[in-house]
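There are structures below to look over.
Same chain, two partners: chain A is paired with chain B first, then with chain C.
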Partner chain A sequence: MTKNPLVQGAVRYLPLLFLALVWEAASRFELVSSSALPSLTKIAAAWWDLAKSGDLLDNGASSLWRLGAGLAIAVVVGAALGIGMAWWRPLDMALGPLVEMFYPLPKSALIPVTALWLGFGDGSKILLIAMGCVLPVAIGAYNGARSSDKALVWSARSLGASRLRVLRDVVAPSALPETLSGIRTALAISFVLLVASELIVARSGLGYLIGFLGSNGTYDSMFAVVLTVAGMGFVADRLYLLVMRRALAWRE
Partner chain B sequence: MTKIVIDKVRHKYRPARGKPVLALEDVSLEVRDKEFLALLGPSGCGKSTLLYLMGGFLPVESGTISIDGKPIAGPGPDRGVVFQHFALFPWKTVRQNVLYGLERQGLAREKREAVAKKFIDLVGLSGFEDNYPSQLSGGMKQRAAIARTLAVDPSVLLMDEPFGALDAQTRALMQSELLGIWRASPKTVVFVTHDVQEAVYLAGRVVVMSARPGRVKAIIDTNFDKTAPDVLRSAKFGDMVDQIWGLVKEEAIKAQMGRGT
Partner chain C sequence: MAGIDETIAGPGLGSRALTMLARWALVIALVIAWELTTRARVFTPFMLPSPERVLARIWDDGQAGDLFINIGLTLYRALTGFFIAATLGLLIGVAIARGGALGWFFDPVVSVGFPMPKITFLPVIVLWLGLYDTAKISMVVFDAVFPVITGTVLGIKSVEKELIWSARSLGSRERDIWPRIVLPAAMPQIFTGLQVSLPIAMIVAVVAEMLMGGYGMGGAMVQASRMADSPGIFAGIVEIAVVGWFLVKGMATLRRRLLAWHPEAETPTGV
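For the complex of A and B:
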């Protein structure tokens, strides 16, 4: 086996290329209806038109903004909540049952609720994503903080750290690996909620664009946006893994 | 001169499940200033618990423990701790670990760096300053932990089976180096171990504790000249180990029986 990372990467994604070829062939030779599955070349052409017209950029920007804002809120609130609950028992007792009840609720059920509260704009999407993503982050942070080694806490205390200082210098970094895993889960959920909510109640965004193009019967363009969202999700996850690996370099 | 006074300390250990266990019963002990004292006993005899009480990590519920005449209230930098499993901050390099306590003292940056370097050199870790603990061997990790503790210059050093997780060769090496460091600048050391040889070799006095609930069973003076290179094979050393092993053995058997019931 070769060690060249470029070659390794190419080999790894070979199945994807194969799938693309099958797709193209299936559509070209009319094995499936070309409106149900337009050929990739047609989709690429439609993508280029969408990009040139600015539709892709405008809607993409508004989707990214909602995603970023919702996730940012979830990360800040979730990490604080999780570490706080692990550190301070009364908070755990007060919020623990709420977390247990809210966790299994399908957050997509809240799409109409957030629309009712905040309308059709960015606010309802940001709130929905924040609500959907806060618990995976909080649970990761909670578990991570709970598992912080007692000897580390004691060491810091005997080296002169105050209790608050220990929270910052020992408990928070101990919680980091599991918090980062929780955020990765949240990242995946955020895409689901984004597209779902934009499909149902929105006047902009990539999800809205998919729904709009689909109901107009312009399936080449619809597929182009679907593949764009898929690509964005994939790239976001890969980039996040890179960041995560760097942040945890000390673990080897 | 007396450094630490432990007076009629009782301690109940309360597990998350099950009944509380009496870990220490009526322990009274005086630790002299700048002496090297070993706490020796079978596992489960409460010797680590006693150390944690001195460290201020566990609350003293019954009896008193005072240091320099003042009852202890929580952990503090006057008492440095070294744990069996090193307890280094895994996300900090060796240098950052050693600097941590110095930063809490609010020393100026150059001063901190100088002190850290001095103690990293002292434990023989020069060249590994920028390594993370995960990149070090067990012996090196414990060296780093000792440097981190010594750097803040505590007047008392509490060591909880610090060499218990190391292989035999590394342990022997670390023991003689620790003794060298202590001789060069004596501090009050309380050293928990279940290894009789280690206790006799390192300590000036050995406190033998009984099986649970822990009490002071005997205090043996082991303060004789141990600087000779073959001291471990001398008749005097061997006799002392035999004598103390006799005391510990009874308790170890009791501890075993206690576990059986």
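For the complex of A and C:
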């Protein structure tokens, strides 16, 4: 076997290229109906048209705004909640059972409720994403903060650090790794909730665009947006992994 | 979240009863708080219907039989999809962990497919398979299969080599090593994959029903939403929450039973 990482990478991802070729061929030679599976070249052309007309950008911007705002709220509230529960026992006793009760709730059930409360606009999606993502972050932060080394906490205290100082300099950093992986789960959930809610109740956003193009019967454009969203989810996860490794580099 | 204390302290019967009581007290307190907010008209009855209206609604649905049809259909779709996903995921995971041509093919597909929001492909599935059970179950399988695959691969790869070596040196036949040594040793992580996958199956089943309509808990909620029938929406949430809770707890119990022989029998928190 060659040791060249480029060659290894190429060999590893060859199956994807193969799949793309099969897709293209199946559609070109009408092995499957080309309206049910438009060829990749047609999809690329449709994508370019959508990008030029501004549809992709406008709807993409509103989707990203909903995603970002919802996640930001979930991360801030979730991290505070998780660390607070680990740090202060009464809070844990009060909220622990609640968290345990609501964690198994299939989050998609919240879609109609947030639409009922805040309508079809940005607000309902932001609330939905925030509600759906807060618990994974909180649980990550809670587990991380609880696992912080007791000896470290005691020595910091005995060296005269105040409780708040210990919280900031010992507990919060040791909660970081698990909080960050909780946020990764939240990131995945946020895409699901975003797309689902935009498909079901929305007047803008990429999910809405997919539904609109699908009911118009312009399937090559619909595939273009579907693949765009799938790609965005993938890229977001990989970028997040990079950031996470960077943020945790001090642990090595 | 009390799980951690319990495993460390090993609760007696009394303290377990006490925890149960505390939990129920909280649920009751929550319902009372809900009742009081609606009595005090903090929100309009449309935004937040009172608990007794929601309960009455669930009762009516139960009397009419709709409740059981909807729960049954959603469970049927979610669980069928889950079992297919579990089987497929296990097979693909083993193929990837063993290497070979199949493993080589699936490895990049899974590593690119896992972080993608699969739900985006729902309109494509509708285009191909229509609006009925085949389409809904296929969507569930497509989404729920990935955690099982990664759990299986991770589990198999972390099996200690010494375990296999000692089995060999004690005279195990080569064809017994996989079913009797590797898979059982990988079981905790495979099970964790299943425990991640089951809630996803529920989420996707509900979304698919919301989007494709028809009977089922998701379909009923969307119907209620179109009719601006807010007790119906909240009844749906309560029903789905209860079903989801039983599924998650059921999996945790199953894990404790099946993996009683293993130190990792407790569900890792966060699943």
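Quick notes on this one:
Heads up, the rule we're going with is that the second predicted complex is superposed on the first by the 240 of 252 C-alpha atoms of A that agree within 3 Å, B and C clash if a C-alpha of one lies under 4 Å from a C-alpha of the other, contacts with A are read in each partner's own complex, and residues count from 1 in each chain.
Simple rule for what comes next: a contact is a pair of C-beta atoms (placed from the backbone, for glycine too) under 8 Å apart; a residue touches a chain by one contact, two chains touch by 3 or more.
Since the model is a prediction, treat every value here as computed from it, not as a measurement.
In the superposed model, A:161 lies in contact with chain B only, and not with chain C.
Judged by the number of chain A residues each one touches, C leads among chain B and chain C. Within the superposed three-chain model, A:149 lies in touch with chain B and out of touch with chain C [touch as defined at top]. When the two structures are aligned on the shared chain, A:246 is found in touch with neither chain B nor chain C.
In the superposed model, A:173 makes contact with chain B only, not with chain C. In the superposed model, A:105 lies in contact with chain C only, and not with chain B. In the superposition on chain A, none of the residues of chain A is touched both by chain B in one structure and by chain C in the other.
Only residues 149, 151-152, 154-161, 165, 169-170, 173, 176, 249-252 of chain A touch chain B when the two sit together in their complex. Contact residues on chain C toward chain A in their complex (touch as defined above): 1-2, 4, 22-23, 26-27, 30, 46-47, 104-109, 112, 115-124, 126-128, 199, 202-204, 206-207, 210-211, 217-218, 221-222, 224-225, 228, 230, 233-234, 236-237, 240-241, 244-245, 247-249, 269-270. Across the interface of their complex, chain A is touched by residues 52, 55-57, 74-77, 79-81, 83, 85, 87, 89-92, 100-101, 104-105, 132, 134-135, 148-149, 152, 154 of chain B.
Contact residues of chain A toward chain C in the complex are 12-16, 18-19, 36, 85, 92-94, 96-113, 115-117, 136, 139-140, 142-143, 146, 178, 182, 185, 188, 191-192, 194-196, 199-201, 207, 210-211, 214, 219, 222-223, 226, 229-231, 233-234, 236-238.
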